[in-house]
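Per-chain numbering from 1; labels A, B, C, D and E assigned in written order.
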Amino acid sequence: MNMYTIVLIAILVTMVLAVVRALRGPSVYDRVLAVNMFGTKTVLFLSVVAFLSGRRDFLDLALTYALINFVGVLAILVFVQRRFSVASSAKSED
Amino acid sequence: MNLNEHLAALQIVVPLLAVPLIALLQLRRMAWLVATLTSLMAFAIAVAMTVGVLNGQDYQYFMGNWQPPYGIELRVDALSALLLLVITAASSAALLASYHSLDTQIEPRRHALFYAAWILALAGLSGIAVTADAFNVFVFMEISSLASYVLMAGGPDRRGLPAVFKYLILGTIGATFYLIGVGLIYMMTGTLNLEDMAQRVTQVADQKPVLAAAGFITVGLALKAAMFPLHLWLPNAYTYAPHVVTAFLAACATKVSLYVLLRFDFLVFQDNLVSHPLRFASLLMPMAIFAILIASAVAMFEKNIKRLLAWSSVAQIGYITLGASLVTVSGLTASVLHIFNHALAKGSLFLAVACLAMRLPGLQLRDLAGCARSMPWTFAALVLGGLSLIGVPGTAGFISKWYLISALLTLGAAGVALVAVIVIGSLMAVVYIWRIVEQAYFQAPSNPAAPAAEAPLTLLVVTWVAVLANVYFGLQPALPLALSSSAAAALMGATP
Amino acid sequence: MELLGYYNYWVFAVVLCLGLYTVITRNNLIKKLLGLSIFQSAVFLLYITMDKVDGGTAPIIQKGVSDPIFSNPLPQVLILTAIVVGVSTTALGLAIVVRIKESYGSIEEDDILARDSEL
Amino acid sequence: MTILFAVFLLSLLVIIAVAIIRAENLFVALMLTTIFSLLMATNFFILDAADVALTEAAIGAGITTVIFLGALALTSEHEKPFVAVPWLALPVVAVTAALLIFASFDNPRLGDPEAPIHQHVVPWYLEQTPKLVDIPNVVTAILGSFRAFDTLGEVFVIFAACIGVLFLLSARKPSETRCTAPASVGLSQHLIPKVAGRFILPFIILFGFYVQFHGDFGPGGGFQAGAIVATGLILFALLEGEERALRAFPRWIMMAMAAGGALLYALVGVAGIAMGGKFLDYSVLSSDPIAGQHLGILLIEAGVGITVCGSLLLIFHAFAARESF
Amino acid sequence: MNQVLDVLSWVLLSCGGFFILVGGIGALRMPSFYTRMHAASVTDTMASFLVIGGLILQAGWSLATVKLVAIILFLMLTSPTSSYAVANAALLSGMKPDTKFKANKGGRES
């Protein structure tokens, strides 16, 4: 049973590190990086806990997380890119 | 498969079935036609159920044929029947009036979605009145709230948007407080059906979570019902909403939350929590007194007619909560009666305002100067509605004021003080109705060159039907009286 | 150790009041909506804390297992509904904020009041 | 064991909530909200609420983020620093918190089997579901059959939000703010995400259908499936840009889906009446009551999935189209 | 046979845990954005590959393995893509990678 606990502890510690990076991150992209890291860690956390609790049919939750994480990061990037292109077009105008 | 047995379910299913159809209809007048037919059908179902309830048949309907604590149960008794009548009648009258009134406010291509949201609000409100399951009330409360946010945000005036945003924030906080209250009670009793909850709450009566639940539910529903200290969203939301929406929602939206408060307090908490009647009365009575006095005072100094009537709505809700806070059968009868009569009076007044808005440039008092001569029928309706609001004998308002005062007199000394409050409230109502009348009849018209023409015929007919209903139920109050007295007896005795 | 059993309710109370505080004090309309969604998430936490049974698993009946201990399925059904209600209210609130931005030019509450009083 | 995880994750939750409130830049606050809903979903998973964890992830983290981004794109993302003197708010909120914490001592301890909610209604559900409805996932059985009326109300809540957003955002813009924003061109310069996204899209839609029909046997069902399929189609709109997305999946199909799903759900209920049972009574739908229950739950889950997918797509496209309106 | 599988999956899992920790610490302590990006994204993919590989050994031939393989394939495709997209967007929006760090023998210039 302790085989999983080591990994779980590692995942939880990394989650805290990701949160610290999200809070401190100077630039917007540091925060996007933190969200991306946090999402992947959640996927791993869920897969390991599914095995820990013996309910192995919950793995499709982990798959959904991975999907949501990917679409979330892309949505943020489209927003930032549009914000950047509007800013650049504004700069080019004046 | 006679339809009579399914009436309780059809009351909600018919509007719900119509909503997707209306949303898909892009033809110009079809959306309005289907919406009005649905509303009239719902009104017919409500009347059929009222007749059934009056001769003793108690509608009980198990959804999906599951027994109550396991499935969801619909229950229609006298109180629900009266409320259903008010909701469907207000919706039908306002929809008939909206044929003309809406074109001046919303582009025709958005009418289909507007009427879909309207019928959703109707379905949500009648759902709350019919269901007997605590969580189901929350779901229908959300449907009716979302739909009324959409309706109120439809107006042309840009100031309506911040007002509706404030209403959305406060309404969601109120609904979530109600959800917390239901959650805490469910945590201690293990059931969601109101009947079942009433029996099981006796064992856990005086534990802290149940008291906290009572607090949360009362505050949440007071927020939704715009009771005095929590009414800040109401005046602006009603003023900048489209006129027909104000006519519909002013008549029934806040009453539904009061209905849920009455049902929860008198069915679940009343005889189970020790000294709850004292706590309930000591909380609601001061709020009601302040509502009557302060809201009427503010109404006296209002410039815009719609905001004036909105403030008077806050005062009238004060009358209803005053009757309920007496925790006696006669007090409850008066309060339920006033739900019915206030809907009539306020509905007809706002319909008359809709007629005014068709012809006048604005709704400020100075725009009304001297228009009585050119719009005689509209102002006659406005005056009659005002009299019913004040409570002049011969109108519906008088009946509920009369029963309220008789209920208060049974309290002895304290009762006399409360009667004084009601008299002062009515005098203030006289003042703010007189300001409208004095402006319309005795002022010189501001621009004699362009006298306003009379409002379109269909709008006038609907307004006058509402006003005549006021007078009819003033002289012949048998129907609302029977319903409210049996409702009060059921609530006080808590006999299912 | 026993006190830890109540930790969930304290977190519910703290997160609820954080959301309420945000909605009351913050001036930006979108920040108010964020506060509102935190406020509603706290209620979800209250309901789901109720359904846990010691040693219980998710209420999905598996063929092979002998009499298993199940956690309570009913609060989960209620919260499925409440999550969708939360999203619907947020979506409608955002639509109103977008309309306010277009007609007032700002989504700060004091700017809006100032622009209204000019009329 | 689970209590340690729960305590750890919940304290992380409180830290994130405080961070969201203090974040000046709204865009930063939104990203912290994504982490907040991911944490909530993990908490739900640890407290044995698999269905709710799936919904919170699919709807809470996925759709809410995308809708907030759509709204932020139309408004400003910088919050004006407003030094509020919280002399009123702080005591009110502090009193509510104190009252709640004080009231929490009588609550049943976390996981206490003797708590009243495990005694009364739920044992009936757990033993009757195999006999009456005979599907493994008790949550879907309650959602679909015992309390189907709640779910019907739920479908009309999401439909009301969809109608509301369409109604509000179809109003003509006041003339002076008609800014000429560049039509959303999606991730044009990012070739690799486009290729990866286009490769993954069919699998996302397939996974959505799997969650839809797997709802009876494991965590899943109409809400989650609708949200996942909607997220997939939103991914397509993000990558390819607004016009191609609307050409691939036109607006009238979405409106037909949103209205059709709600109608399908209500008609299944009315069929129950027509065949002699009560409203939403599936046992009468076919000769054998159990088969009737299966058919009923399958149909209404399909109705829920279709409506949720159509409504969420309409809401997203309403926000996205508002720029080039 | 079972013993070997357990030891092997234990090794894979602890390596995965190690890589996760390295990624987390790297993301926190690296000076600039691109170095953090490098630290976090590379170890992310590697760690998830190892951890889920360890789980597959535990699951053996069953439905869970199919799901785990699906998760691995999905993560292996999306995780690098999203990291690339973040880095690309950062570069496009004008974040210059610091070129100050010249590899000199003694202490490094901050």
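We take it that a contact is a pair of C-beta atoms (placed from the backbone, for glycine too) under 8 Å apart; a residue touches a chain by one contact, two chains touch by 3 or more.
Keep in mind that this is a model prediction, so the values were computed, not measured.
Peer 1: What's the overlap between the neighbours of chain B and those of chain E?
Peer 2: Both chain B and chain E are touched by D, going by the contact rule given at the top.
Peer 1: Using each chain's Cα centroid, which is most distant from the centroid of chain E?
Peer 2: If we average the C-alpha coordinates per chain, B ends up farthest from chain E.
Peer 1: Write out the two chains that share the greatest number of C-beta pairs in contact.
Peer 2: C-D
Peer 1: Which chain has its C-alpha centre farthest away from the C-alpha centre of chain A?
Peer 2: Comparing chain centres, B lies farthest from chain A.
Peer 1: Rounded to a whole Å, what is the gap between the Cα centroids of chain C and chain D?
Peer 2: The computed centroid separation for chain C versus chain D comes out at 12 Å.
Peer 1: Taking each chain's centre as its mean C-alpha position, how far apart are chain B and chain C in Å?
Peer 2: Computed value for the inter-centroid distance: 28 Å.
Peer 1: Taking the mean of the C-alpha atoms as each chain's centre, how many Å separate chain C from chain E?
Peer 2: Computed from C-alpha means, the inter-chain centre distance equals 32 Å.
Peer 1: Which residues of chain D are in contact with two or more other chains?
Peer 2: Residues 50, 72, 100, 104-105, 107-108, 115, 117-118, 121-122, 125, 147, 150, 153-154, 157, 160-161, 164, 168, 171, 174, 187, 189-190, 193, 197, 200, 217-219 of chain D touch two or more partner chains.
Peer 1: For chain A, jot down the residues that touch at least 2 other chains.
Peer 2: Answer for chain A, listing residues that touch two or more other chains: 18, 32, 34, 55, 57-58, 60, 63, 67, 70, 74, 77, 81.
Peer 1: Hey, what residues on chain B touch two or more of the other chains?
Peer 2: 135, 139, 142, 146, 149-150, 153, 158, 186-187, 192, in rising order.
Peer 1: Strictly by the criterion at the top, what is the full list of touching chain pairs?
Peer 2: Those chain pairs which touch are A-C, A-D, A-E, B-C, B-D, C-D, D-E.
Peer 1: Of all residues in chain A, which touch chain E in the complex?
Peer 2: Residue positions touching the partner: 3-4, 6-7, 9-11, 13-14, 17-18, 20-21, 27, 29-30, 32-34, 36-37, 40-41, 43-44, 47-48, 51, 56-57, 59-60, 62-63, 66-67, 69-70, 73-74, 77, 80-81, 84.
Peer 1: Where on chain D is chain B touching in the complex?
Peer 2: Answer in residue numbers: 99-100, 102-108, 115-122, 124-125, 128, 145-150, 152-154, 156-157, 159-161, 163-164, 166-168, 170-172, 174, 255-256, 258-260, 262-263, 266-267, 269-270, 272-274, 276-283.
Peer 1: Under the touch definition given earlier, write down the residues of chain A that touch chain D in their complex.
Peer 2: Chain A residues touching chain D: 8, 12, 15-16, 18-19, 22-23, 28, 31-32, 34-35, 38-39, 42, 45-46, 49, 55, 57-58, 60-61, 63-65, 67-68, 70-72, 74-79, 81-83, 85-86, 89.
Peer 1: Help me check something: in the complex, which residues belonging to chain E touch chain A?
Peer 2: Within the complex, chain E contacts chain A at residues 6, 9-10, 13-14, 16-18, 20-21, 23-25, 27-28, 33, 36-37, 40-41, 44, 47-48, 51-52, 54-55, 58-59, 62-64, 67-68, 70-71, 74-75, 78-79, 81-83, 85-86, 89-90, 92-93, 95.
Peer 1: In their complex, what parts of chain E are in touch with chain D?
Peer 2: Touch residues, chain E against chain D: 74, 77-78, 81-82, 84-85, 88-89, 92.
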